[in-house]
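Okay, so chain A shows up in both of these, paired with chain B first and chain C after.
Here is the complex of A and B:
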């Protein structure tokens, strides 16, 4: 029972994290591409409760930032103008969960901008970009893992169930793919795709490329599961009753692969999030103005940004809880799926 | 000997297959290096056509592949468009740097992982074990890009380490000892990123392999004979646990290679990584193929060494396995 509770705990944690990113439109005050060229690299705003006259405000407020005379990206607080933080405000339009058109944001401020995590070189709100970037990165991870598992399942089942020369050919191919250093392979594949088209197109290409690279390991695992089940008594019995291959696969064999699939998914998703980050970081992944955790971090490749603006590191911090979640989920799944069942 | 030959044949076949695969993908791409020239009004269309003909990009695919194979046999690995020179010398300099980096990292990572893993396997549930498991868990959740950027910032802020490159500008004028020191300082940052990212997996495997062995009856007996602890652990237990670890060695070379690509770019280490990224962006076809092929070669060699080590360390693997 404790194994189950552990599993549920990690699922809830991950669900909450994904929920936050999925509701990026509501939680972020601005559109991720909305620029403010007057305030590039503005530091995170400070929320105050006490004004210059030491009066206490229940509603937190902020002072608008203004550029210090004769400097670049040096900001002072304009203490003359108190801008209260407002909750549930109307702002830029977005689609909630990608479906419902909506204008409501959790918080906002007017007339000054409220950039809780600072802004980037174009004055775009860093918090909004991290949240929206999370959507892209997580989608890449999830879709990529889905593609891989689908391929792995198909190839592994075919190799394990039908055996013979198909098995030999497919497993040699799997060895070939496992022998390749994956990041080089990823770059190699990416090299031969068109460099820039519409922003959604590279994203899909990346997902497919990432997904295609990793099929070998799950395929081998699934093959071994299929191999161990295809000669069990209940499968033979079904065959004796005249069940077709398709029926046996769907009713008897594929359900047995589910625990392997789930565990592999929990291992693959963070790996693929990382792969997307690596590609985007190198400038080969998701292109601007679309945000992703990888291309947000790519800003740090400029030495001046690396040295001066600490809030540009925050996308890196955003990844860590997801990694903790997925690692926990993977180990909980491994404990939960009793391996002795198909040993 | 037959074993060695078979592994070698397998490796050659693998490289061949990879070359066909990458070449095939390369040919599926719309566009090539000279496409940007076509947009340039200062370059006549005839020039572009002539250039394409000169590099034989206008020939059919199998012909190009055979020509490329020919150049591989001659040790050129094709021709780089943007560097205007054969690919092999370009790649070799970079590959040397990558090898220096990954080999140092591999040695250090294993040198650290063995004692750490052994120590935590010795006291399962004890304080060292708990410390090690917390450390590995902590390192596992920090992606390598983040680690590399963090260390880079640290180096830049503290000024203790150079933040990029292979050697200092005045390298040639230094004495031998100073040269080594200079190199060591430069390699410190990228190597530590690689070691820290590779470490958790290695430590965990060493630990679990050792735990399995330490419970074995022959070790209980050895302990009963009063063999000193250190000798018991490293002379008796570790060789018995070595099998899965040797296989892991081949695998760890692969992860280190992939990891080093990114680290090289972040820390501007002049290895294969930056060259490859640049080549991809400028569509320098043969450099990309050569880079992928070379990294595969390293990996294959790593696995080959692991196989040979296994063959040497474990007599059981020398028995011809019966046909499946």
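Here is the complex of A and C:
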């Protein structure tokens, strides 16, 4: 039972993390593309409880930032104006979970902007961008992993169950796919897209490509599982009673692959999140002004950003809990799906 | 930078500021000596016996300390050292310190000065230039310079089979310049028509060593000389430095030319430095790192963000902001006449782009102030025309510096038949007269972070007019291919750098037949009345020799451009230079080669520098 509890624990952790990203619109104070040209590279805002007269405020407040005279991106707090943090405020419109039009935000401040994690070079709120960027990156990871497993399952099962020349062809194809230089292929594919594309097109391209890249490995794993099960007595018995291939696959063999599939999924999702980041970093991902974690980190390519604005590293920090979550889930799944059941 | 560069011409100056050390002449002695020297080259290398008085040029300025070594970072390896073949920026930068020209544009005053020429006399009709060379000058290998070298130089530049990029500059009114030798020190240059550029034409035309080049030239192998693999003793120039060693992939080491023809104010023969090293450092960020670690002493063409990062870090650097250079960045639309070859979608978009009020509206909506501040951190100038404030003599003060006005932009769009509505999400959408939403993409070079950033700002500016804009960063080559060849694009952000602070350097951009007439290049006939008006004005200024007249004509060109907005000018970045603060006479200019234009006068204050390594 502890195995199951461990599994549930990781599922809850991951569910919470994904929930945060899914509710980006509500949790982030601003639209991720909204620029504040007066405050580029503003550092994370400081929340105060005590003002300059040492008076205590129950509601946390902030001092608006203003650019230091004659400088770029050096800011002073304007201590004359106390701006309290407000909760459940109206702000930019968004669609909650992509469906419900909504204007309510968890927190905000007026008239100054509250950028808890600072701003980027256009004065866009870094927290909002990390949350919205997470939607893109996680969706790419999840959809990509889904595509991979679908292909892997189909091809692996076909190869393992039917065997013979089909097995040979499919497995050689798998080896071919493993050997292809995917990055160059992707660069080439991007060049084929028309110039003016909706932001969704490069996104879908990324998902499809990273989804297709990886099918070979899960397909081999699933093939081996299918191979070992198709010779088991209960499968032979079913066949002896005249069961069709489809019946045997669905009733007896595919259920046995579920533990492999799930473990693979838990490993593939973080891998694909990384892949999306790498591609966006190379400029092949979703275009500006949309955010994705890779896009956000691409700012760090510039030496001056790397050296001067530490809060630009935060998107990298945001990824860490997700990765811990997925890897924890993967190991919990492995324990749960006791290998001895099919070894 | 990345923009296609034009080769620059110059303009005529009647006055020749001339800093002479000595005006003593020894005509007879010199010509005898030269005659001897050409027969017996070995004797020339021998010490100073009986040498004629050299006509050295004394430069004003701080007296320096001789010695030391300066290391400069270079973005790429130069492709060649041969001025006849150099087209890339690194080659030109290196050649600039190894070669010299008859007349040189002073990078600080932007006026011409006599260089190898001691004097240039212009005939009253402006067709004939009589050039007298300085006496007793020698190439960096000790061989003397005389009129035959100059004659040979121009013959090679004008030879079509050599394909030198300078050739076009020497064709005036369809005919090549003719050069005649009067005596060993005097030459006559004749133009078929008056040439507005005047003696600026000589700037950048390096005088070549005939003794090294004549044989390969006759054998048709001139492109094989002056390459990086040329042995050190097989190459020479008249510039302050000469080749010492080339380490492929790493550095090019130049040493002091002991025969250089300039002296400091105190009479020391220049250059002060013993060695000049070009270190090849491929990326801007790597250049900063190498500079910080002390591997290099000077970086030219620093980006604003790196400049800022350096200025925050240490006080032992001399960081110079020379002011706006001659680079102008702009947005332009596809105005090519594709006559049926365009897709229906592009055809529809071109109907918007051709509408002057549409372009004016875009210009009015662009937040140039934000571009200067966010992209260049304030180290740039807002632009409303192609002539940057750095080009002091040619900028037209009458071109209005219209502040950003979204109201005016909306007004213009309404007048042109566009309608502003809202969509389901509450975002505003601009519709054209037929009810199509205004959507287009802007190409930028993916390797130029600054232009990509500008485009992202413009994207947001235009969103407020209801235009949906996508920014498409493309690799530079495919971008140029789309803009110049296939013409499959909507709009593009590019930058150009004028070679010289003279209208002629941008001839190729403004003439409708020009190859760099970006919005509609290489037209057989000007497509619009205002383009033909610009053509006429540009041709006219070429043939007029007085500055005032040329200025009036060029001002008119700038005003037409400001009115019709074929390019929406954005900003001109400052020339930013970082150097160790131990370098004396360090006065970067806004013209090429920014920090090194007065390399012969640069010196190391503490004398240490890199001399130990």
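Note that in this section the second predicted complex is superposed on the first by the 325 of 343 C-alpha atoms of A that agree within 3 Å, B and C clash if a C-alpha of one lies under 4 Å from a C-alpha of the other, contacts with A are read in each partner's own complex, and residues count from 1 in each chain.
By our rule, a contact is a pair of C-beta atoms (placed from the backbone, for glycine too) under 8 Å apart; a residue touches a chain by one contact, two chains touch by 3 or more.
Quick caveat: nothing in here was measured; it's all calculated off a predicted structure.
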item	value
Which of chain B and chain C A:283 touches, first, second, both or neither	both
Touching partner for A:327 - first (chain B), second (chain C), both, neither	first
Chain touching more of chain A, residue-wise (chain B, chain C)	B
First (chain B), second (chain C), both or neither touched by A:121	second
Which of chain B and chain C A:307 touches, first, second, both or neither	both
Contacts of A:11 with chain B and chain C, given as first, second, both or neither	neither
Touched partner set for A:72, first chain B, second chain C, both or neither	second
Chain B versus chain C as contact partner of A:40, first or second or both or neither	second
Chain A residues contacted in one complex by chain B, in the other by chain C	191, 195, 283, 303, 307
Residues of chain C touching chain A in the complex	284-285, 288-289, 303, 305-306, 308-309, 312, 367, 370, 373-374, 377-378, 425-426, 439-441, 443, 446, 449, 452-453, 456-457, 459-460, 470-473, 478, 488-490
Footprint of chain C on chain A - complex, ascending	33, 35, 37, 40, 72-73, 93, 101, 121-123, 191, 195-197, 199, 283, 287-289, 302-305, 307-308
Footprint of chain B on chain A - complex, ascending	175-176, 179-185, 187-195, 274, 277-278, 281-284, 297, 300-301, 303, 306-307, 313, 316, 319-320, 323-324, 327
Of all residues in chain B, those that touch chain A in their complex	14, 17-18, 21-22, 25-26, 28-31, 137, 140-146, 149-150, 152-153, 156-157, 254, 257-259, 261-262, 265-266, 276-277, 279-281, 283, 288-289, 291-292, 295-296, 298-300, 303
